[in-house]
Each structure stands twice: as C-alpha cells, then as structure tokens.
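What follows are several structures.
Two complexes come next, and they have one chain in common, subunit A, joined by subunit B in the first and subunit C in the second.
Up next, the complex of A and B:
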C-alpha cells in the first residue's frame, strides 16, 4: 500500500485485479522461484486496500451476481447479494476511493458495484442536493439553470 | 503461492507518515468536488446507472458535469434503448439525431404532441417486411352482423391489416412479430401473405352457408354464419373486396387537422365513415384510428374484456 503496509493474499485473490494478473502473466517463467511475490500499489492506501482484499476474498466464495441494467430497483439489496450491499455501506469518501482503486487495479466486479453504489447515492436527488453532497460551488449561470429547468420539465409527464 | 502488496514506490512520503495515524482513506483527494476528481469514464460508469431525470439534475450541478452529461456515453445511449424498447412508433427524426440526449427528449416530445401519423408509420413494405401491421376490430356499434364475424369477439387476436404505399389495404396473415431488428431468424420465417380483405366493411353483405369463415377456420374454429336471404350471395365470401386508403385533412364533419390526422377508406368503390387518427391513450406511443364502426391499432389491441355487453348477451 501507499503507507508501506504489506498484505499477503492467495494468488487467485490477487489475480482478480487485472493489473496484478497482467503483471505476473508477463513474467510467468520465474513463478516457481519466488514463493511470495511483491506487488507495489503506491496509489492505494491501507484502509482501501484492506477493503479491496476483503471484496476479492469474498468474491472467491460467493461471486457477485451480475448487475442487470436497466436497474429493476433502487435498493442495493435487490440488485446484489446482501454481503455486497453491506460492503459498500461505507462513508462517501471511502466509497469514492474504492471506485478509484477498483479502476486502478482493474477489478471489474468491484468497479461495477462501487459505481452502482455511487449512482444509488445520487439517484433522485435534485441539482441543489447533489451540489451540497459533492461540495460543489454553484458554477452555473442563471441562464444555464433556466435552460436546464426547462429540460427537466420534459420528464414531468413521462 | 501468494503475493504481497507492498510499497515499493513512495509518492507522497512526507504526507503519508502523518496521515497514517488518522486512517485517511485512499488518494489524497480534495474534499471538495470529490466526484469530479475521478476520470471521465468512471463518472460515466456511475451516470449510466442513473435515470434520465437524475442525469439531467446531475448535469446541472457544475460545468464539467454539465458537459459530461450531454454526451451519449453518459447514459443516453442506454436510456434511449430502454425507453424505446417498449414503444410502437419512435419519431424517425428524433431517432436520427446525433445527440442521444436530444433523441431522447425529442422522441418524448413528439409522442406527447404529435397526433397525426406519417406515411411511413402508417404503411407496410412488402419488400423489406417492415412497417406497421395494424390490428382491426369492429366496434359493437357496428352491429351483430359485423361483430359476429370478428374473431376479436370470440376471444381471438384481432384481424391484421396492412396499408401499402400504393394506396391499397390488404389483409395480413403470417408472423406478426415486429421486425425492427435485423434478426435473420425473422427474415427466414415464412413470407407473410397479403390479400385483399375477404370481408367488405360496410356495404355488401356476407353469407357463407357452405363456407367456413376463412379467418376463423384458420384459427381452428368454425365461424358463425350470416344468412342473407336465399340469393346467390354465398360467393361473396370468396370474392376479395378492393379496399383503398387515403389521408384527409379537412373532412366535412370534423375540424381540420394536419395531414395524417384522418383516414378515409374506400371499400368496393364506396367510402366509409372517416377514421380519426390519434396517439394511443395507453402511452405506448402507438396510434389508434377509429370511426363510428371500427377501431384500428398500430399494435396488438388488448383482448376483449369478459364483462363486455356482447359477452353477456351470448
């Protein structure tokens, strides 16, 4: 991790990360020589990496159901198993870190799950609510606001 | 075998040492605008799960999200596909728009406002086997003579009619699965059969003492018969009736509306009452057209309700 903490995980778990898998597949020949391989992840902090490993380990035991779109429900529990729904019930900042880590380490199911969780956070929120949620300053002119409000009108009767 | 994730490259040496105690997660993102710090394709992954309303609200939060939310890849591709999947007629001009967001909005606006039909929406093309296959049934007000001959009144699917661009109307039999996709399976299926309708719709009476009614026979059921005197009218059942259609915008008895709002049939040389075209009230973006005697739907019309007066009578 970024802090220098080391985590030892089985190869099958580690290879859920395409980044890790690709690296090790590239130098297959010296697999036998080293019983333990190091893989540096300077961009991922320990707290996030722990969560990522937790996910990958659980995935080996209970693979996550594929997320079907369009979403049938806006409740995580209806879309993935309970364990995965609970897994992403974390503070917002950690969730976004998990998105970034899943992307960096190229772990597709984790990326799907975390992006879904973010989308559920913001679903149904108004622009003002979203702005305060993301700490965004109001960057739009009144003109643009009006234009968008007009666009929103069209969803009123669908 | 196992691997270890260790730090081999330090990026933020000084900061990390102090941060570690506080258990700060992840990248050192600024707390403000946390989502915008993600690369665009990741934000798109998130927005692709959103409904249209939230996606627009999301686009109203800040300039960079506004720009992103206009893009097809932000979710509009999917939203269009899902929205249109269950719709009968999606405005061709809206569909052709390069921006999927515009396509989405325009197609909704079109369905809400346009009550007239285009010739392409009305017609069926024999060559390509594309176009609209209409369901037809008589209204009860047409009277027993007609409803007794209508399979819909026996719990069966409506008769299928198609309008050709040459102005003729033909009865359609064959696979009515809509061929909107380029599904080769559909194309391999038996060619649909088109024929002038075997029933006239208003003036000549049918009799079939010795002939089963063709469409009911085709459904494995012996049809009802209509006796009309003893004259040699029985051959009428086998005689196709020429039927043509034309658009009308200023019928004598109804307010003027744009072309494609009224349709007039000529059956066996005579006009029958004007059909009024409008969008289906069911919200499926289909069209219905009705006169005092008949009802057409550009989609499969729902089956007869059990409680209808006709059923009670019989």
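Up next, the complex of A and C:
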C-alpha cells in the first residue's frame, strides 16, 4: 500500500484486478519458481486497500449481480445484494477513494458498485443539496445559475 | 486523494461519465447546476451518447437528436438504413460530432416512453394503468409542443395563448408509480368487478417495454399478468359476502321467529281473512253425518243463525296492516311492522267503530267469503240465463248459510230422511260450484247479455272490495291476536273486538250507524269533479290485486 503495509491474498483474489493480473501474467514468463509475488500499490492507502481486498474476497464467494442502467430503484438493496449495499455505506471520502482505487486497479465490479453508490447519493438531490454534500463552491454566476434553473425546470418531470 | 468536492471533481473524465450515466436527465440537470466542471461538452456528450447506445434499446432512441418534423413527434419513426447518428458520428468523424446537451437526453427519455406506450398491446405480459398511459402521452405531447414553440420563437396571439393555457391546464406530469391507481391496500393488483372494467383500466406491455418503464419510473410497482388479482382482497371480499349472507340469514330467522307460533303461522298463510278453524262446519256436521247427535247443542242452535263463525272472541284488523305484516315476514320489505292498529276503522266524527260492509255481509251470512264483494256475489245470479233444472226446482240455499229452516221443514214434510236431504243439498252445492266455474271460464259470453259497463269490463275483486268499503278488514281468532300482541311487548296495540255468542256477532263497542262505513259518500263528495276520470281510470286499468301470493 501507499504506507508500505503488505497484505497477503490468494492469487485468485489478487487477479480480480486487471492491473495485477496483467503484471503477474507478464512476470510468469520471467520467474516461474517464485511462489509469493509482491505487487506495490503506491496510489492506494492501507485503509482503502483493506476494503478492496475485503470486496474481492467476498466477490469470490458471492459474485455481485449485474447492475442495470438506468437504475430501476433508488435503493441499493434493490440493485445488488445486501452485503454489497452495506459495503459501500462508508463516508463519502472513502467512497471516492474506493472509486479511484477501483479505477486504478481496474476492478470492474468494484468500480460499478462504487459508481452506483455515488449515483445513489446524487439521485434526487437539488443543486444546493449537492453543493452542500460534496463541499463544492458556487462557481456559477447569478446569470448562469438563473439560466440553469430555467433549463432545469424543463426536466422537472415529477 | 480527496482534495476538492470530497474527491468527486478529481476523478478522471471517463469515471465521471461512468458515474453519471446511472442518472436520468432530471438528476443530471441538478448536477449541471452544481459546478462548471459538470457542464463540459465532453462530459455531457459522453453521458448522452452512452445513454443512446447502451442504456436504452437503439430502436427506441433513434432520432432523439433530430428536429421534430411531424405533427406527432412521438410516433415511432420508420426504420432507416442509416445507423444512429450518435453512434456513427462518434466513431467516424470527430469534428462532425454533434454537441449534445442534457436536453437531448431528456428528449430521448420522452421519446422512449412515448414509443413504449405506443407499441402494440400484447395479449399478456405486464399490466400498466391506462390512465397513467393517457396522462403520460398527454404530458409528453405538451412538452413537445413547448419545445417546438421555444425553438420557433413565433409570437402567438393572446387568444391562442389563452386557449393553449386552458388546454394545458389539466395536464400534469405522469405520477412516479405507473400502477398506483391499480393497487389495492395490500400493494397488489386491485380487483375489478368484471372483465370490461379491467380492460378499461389496464393494458398490457411486453417485458422489454416494462423494463424500460420501470427504469424510467423506478417507483413503479411491477404487476405481472400471470400473478392475478390480490388474493387477500378476494378473500376479504368473499368473507364480507359470507358475513352479509349470514347476517341476512340471522335477520331472516329473527324476523320469522314469530311464525314458530302455530297461531301466527296460520295467520301468515291464510288468504281468506278468516280463521278457518273458527268457521262452523254446519253442512258437514249436519249433512255428511247420519247421526245428528254429533252436533253439539250449541251448534244446533247456531245452525239457525246466519253467522258462519263459532262462538268466541275475534278481533278485527285492517287488511292493510295484515298485508304489511305478511310482507315483512316474507321479505323484510318496508321494515319492522308497527303494532296492530285498527284506529283506521273508527269514524272521524264519533270515534266509533265502522263495520265495513263486507264484514257485515259475511257475519250476516250474505256472503260466503269475507273478501267477497256484493257485486261479485250477485253477478252470477244475474247472468244465469238458463239455470239448471235442478237448481230451479231445488231448494234455494244462500251461499255459506246452509239450508234455511223453511226448506228443511219442507223437505222433512215431503218425507225425506236426513240422509236424502243431505244428498239433495250436496247436489245443489255441486251445481252451484259448476255454475260458478262455467261463468268464470266464459265471462264474455255470459256478460254480453248485460249492458252495464261494469259487466263488460268486470272489475277486480280487490278493487270492488276497496270501492265498497271504507277499509277492508280481516278477522283474527283470540289466540292469534294474543300471539300477535306477544310479539309487540311494551307497545300498545288496538283492534276491534268481536264477540260471537250463540251465532250472533257483536262488536264490543257498538258501531257507528251515523257514518258511512262504505266510504262511497265521502268519495263522491271529495272527488266529484274528478269522478269521471277516476271511474275511467279504475275501469280501464284495474288495480293489481292486493292479496299476496303465498
């Protein structure tokens, strides 16, 4: 991890990451005798990596159902299994770190799940609520905001 | 890894696109207002293109970015050989790539819904509310009109504006749950009274269409046609019906409980208005029996009297009340019957009983039945053109009265024994019965000889009774009236008491002889100006018989 902590995981779990799998497949030709292989992940913190490993291990036991878009429900429990719904109920900072880590390590199921969790957070919120939720500064001018609000009115379908 | 916006803005563009493709146009419009970053053309284009290619079936999104050229923009466009614009342009020519906005995404969603709702209805599949479909299509049409109007920027007159606003005033966005109006309290498909009602409220869509609708309206409740209507509602409905039946049965039993009394049952079933067990069997006692000693001394005395009732106490009640009571006992119509009340039999002037003519005639033996009209009794005698010889030569017996003393004496003096006299009188009764039947079977032939208008159109028996009596009454035996009274404990009842002693009937209170008990005089006075129409009406359309069918 970024902090230098080492985590030992089975090869099948590690190879859920396309990044890791591609690297190991390339290394197999060079050194087939080495039973344990190290893979540095300097962009991923220990806390995030632990969560990623937890996800991958559980995925081996119970694969996650495919997420269909657009979402048929605004509840995570209706879209994926309960364990995965509980897995992403974490602070927003950690959630975005998981998105970045899943993208970096190229773990598609994890990326789908974390993106879905962020979408659920955004769904049904107004612009002000979103700004407050994500601590975003109001960069739009008043004119721009008025223009956007007018445009948004057209989308108000419910 | 979490600098700005908790890390949302630090994510790469492709990740942001991936993340936002889970959302619909409504949510994206809000996101767009949050920050300039979410207004990047690449981001918006990526989201819209992804939705057009991967989220919805391409057949439903075709033409979403084109200007509407037809009057009905939601009509599915004809299939074209060209691939979808978004796909082909995105892959081939980067410079010609159209610049999508979230409005395109919104159009796409509207188009998809309209095309799904306009698709042919399959025979089965998923159930969708027809009212929702109607509302959604109306609203989509209005949205499209507004877009067209905004694009053309054409000024319209105030009158047109007013008409348009009026037309759009009842249009509201489709509600989030497509089937909310089809759901019962158990969140299942509510029951419809019949198939026609169900067809009026529901329509089917295929599985793919339902999936799209469900995606666009995620709060919708899925109603599979194979699942059927709510079983709980069905069970509750059946239970309610059963409870109603049970309650009705209980009410019926409660209502008919008085009929367990034999006296009341007798009163309920009889049609003659007289307790049959109280009628003297004079003829049977005297003529069918060879031993005259069978008749009691009291009956022997009564033979000489015209009253057909045995000695005892009787009560007189209006037939209207008896009808009401019987109707309530039979069907429960009209609600619980009030306590017996014969106040209508008293005259208004003196508050004394009025003896109805038909009762008087019956008690005096002038009529065989209590409900016999004077006219109907007399009529057969009038129309007997050629009476049978035996009837002419034989002794005349008033109906129901038995042989008078003179006839009996004459027979005995002629040397006839009791048995022979009985045979003679039986033969006379048989002749009389045959004659009555003959007259009833051929009323026109017999009545043609009579010029009176009444005879040409013989009025019905009840009508005659009503016409001749101020009120028609029934006779109740003492035990019957007591049984009736026991049903109305705590409620005062009133009936005229009639005592028959030695064959002579007398009311407990002397009847009023000053007033007209028939009601003819009062009717003539009251309706004298309308008497003609009344007579005409009553003659043309005889009133329905008041007697009940048992």
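One rule holds for everything that comes next: the second predicted complex is superposed on the first by the 153 of 158 C-alpha atoms of A that agree within 3 Å, B and C clash if a C-alpha of one lies under 4 Å from a C-alpha of the other, contacts with A are read in each partner's own complex, and residues count from 1 in each chain.
Note that in this section a residue touches a chain if its C-beta (ideal position, glycine included) is under 8 Å from a C-beta of that chain, and two chains touch if they have at least 3 such contacts.
Bear in mind the structure is a predicted one, so any value in this text is a computation, not a measurement.
K.L.:
In the superposed arrangement, which partner chain does A:93 touch: subunit B (first), subunit C (second), both, or neither?
P.N.:
both
K.L.:
Touching A:134 in the superposition: subunit B (first), subunit C (second), both, neither?
P.N.:
Both partners.
K.L.:
Comparing subunit B against subunit C, which has contacts with more of the residues in subunit A?
P.N.:
B
K.L.:
Looking at A:57, would you say it contacts subunit B, subunit C, both, or neither? Reply first, second, both or neither.
P.N.:
In the superposed model, A:57 contacts neither subunit B nor subunit C.
K.L.:
Between subunit B (first) and subunit C (second), which does A:10 come into contact with in this model arrangement: first, second, both, or neither?
P.N.:
A:10 sits against subunit B, while subunit C stays out of touch.
K.L.:
After lining up the shared chain so the two structures overlap, which partner does A:116 touch, if you call subunit B first and subunit C second: first, second, both or neither?
P.N.:
In the superposed model, A:116 contacts both subunit B and subunit C.
K.L.:
With the two structures laid over each other on chain A, which partner does A:126 touch: subunit B (first), subunit C (second), both, or neither?
P.N.:
A:126: touches subunit B and subunit C.
K.L.:
A:68 in the overlay: touching subunit B, subunit C, both, or neither? Say first, second, both or neither.
P.N.:
In the superposed model, A:68 contacts subunit C only, not subunit B.
K.L.:
For A:49, select first, second, both or neither according to whether it touches subunit B, subunit C, the two together, or no partner.
P.N.:
first
K.L.:
Which residues form the common part of the subunit A surface touched by subunit B and by subunit C?
P.N.:
On subunit A, the residues that contact subunit B in one structure and subunit C in the other are 43, 45, 69-71, 92-93, 96-97, 99-100, 103, 111, 115-116, 118-120, 122-127, 130-131, 134-136, 139-140, 145, 148, 151-152, 154-155, 157-158.
K.L.:
Would you tell me which residues of subunit B are touching subunit A in their complex?
P.N.:
Residues in contact with subunit A: 1-12, 16, 19-20, 23-27, 29, 31-39, 42, 45-54, 56-63, 66, 78, 82, 105, 108-109, 112.
K.L.:
Please give the residue numbers of subunit A that touch subunit B in the complex, ascending.
P.N.:
Subunit A reaches subunit B through residues 1-11, 14, 20, 24, 31, 35-49, 69-71, 91-94, 96-101, 103, 111-112, 115-116, 118-120, 122-127, 130-131, 134-137, 139-140, 144-145, 148, 151-152, 154-155, 157-158.
K.L.:
Could you list, by residue number, the parts of subunit C that touch subunit A in their complex?
P.N.:
Residues in contact with subunit A: 1-2, 4-12, 15, 18-36, 51, 54-55, 102-103, 106, 109, 143, 146, 173-176, 211, 214-216, 218-219.
K.L.:
Per the contact definition, I'd like the list of subunit A residues that touch subunit C in the complex.
P.N.:
43, 45, 67-74, 92-93, 96-97, 99-100, 103, 111, 115-116, 118-120, 122-127, 130-131, 134-136, 139-140, 145, 148-149, 151-152, 154-158
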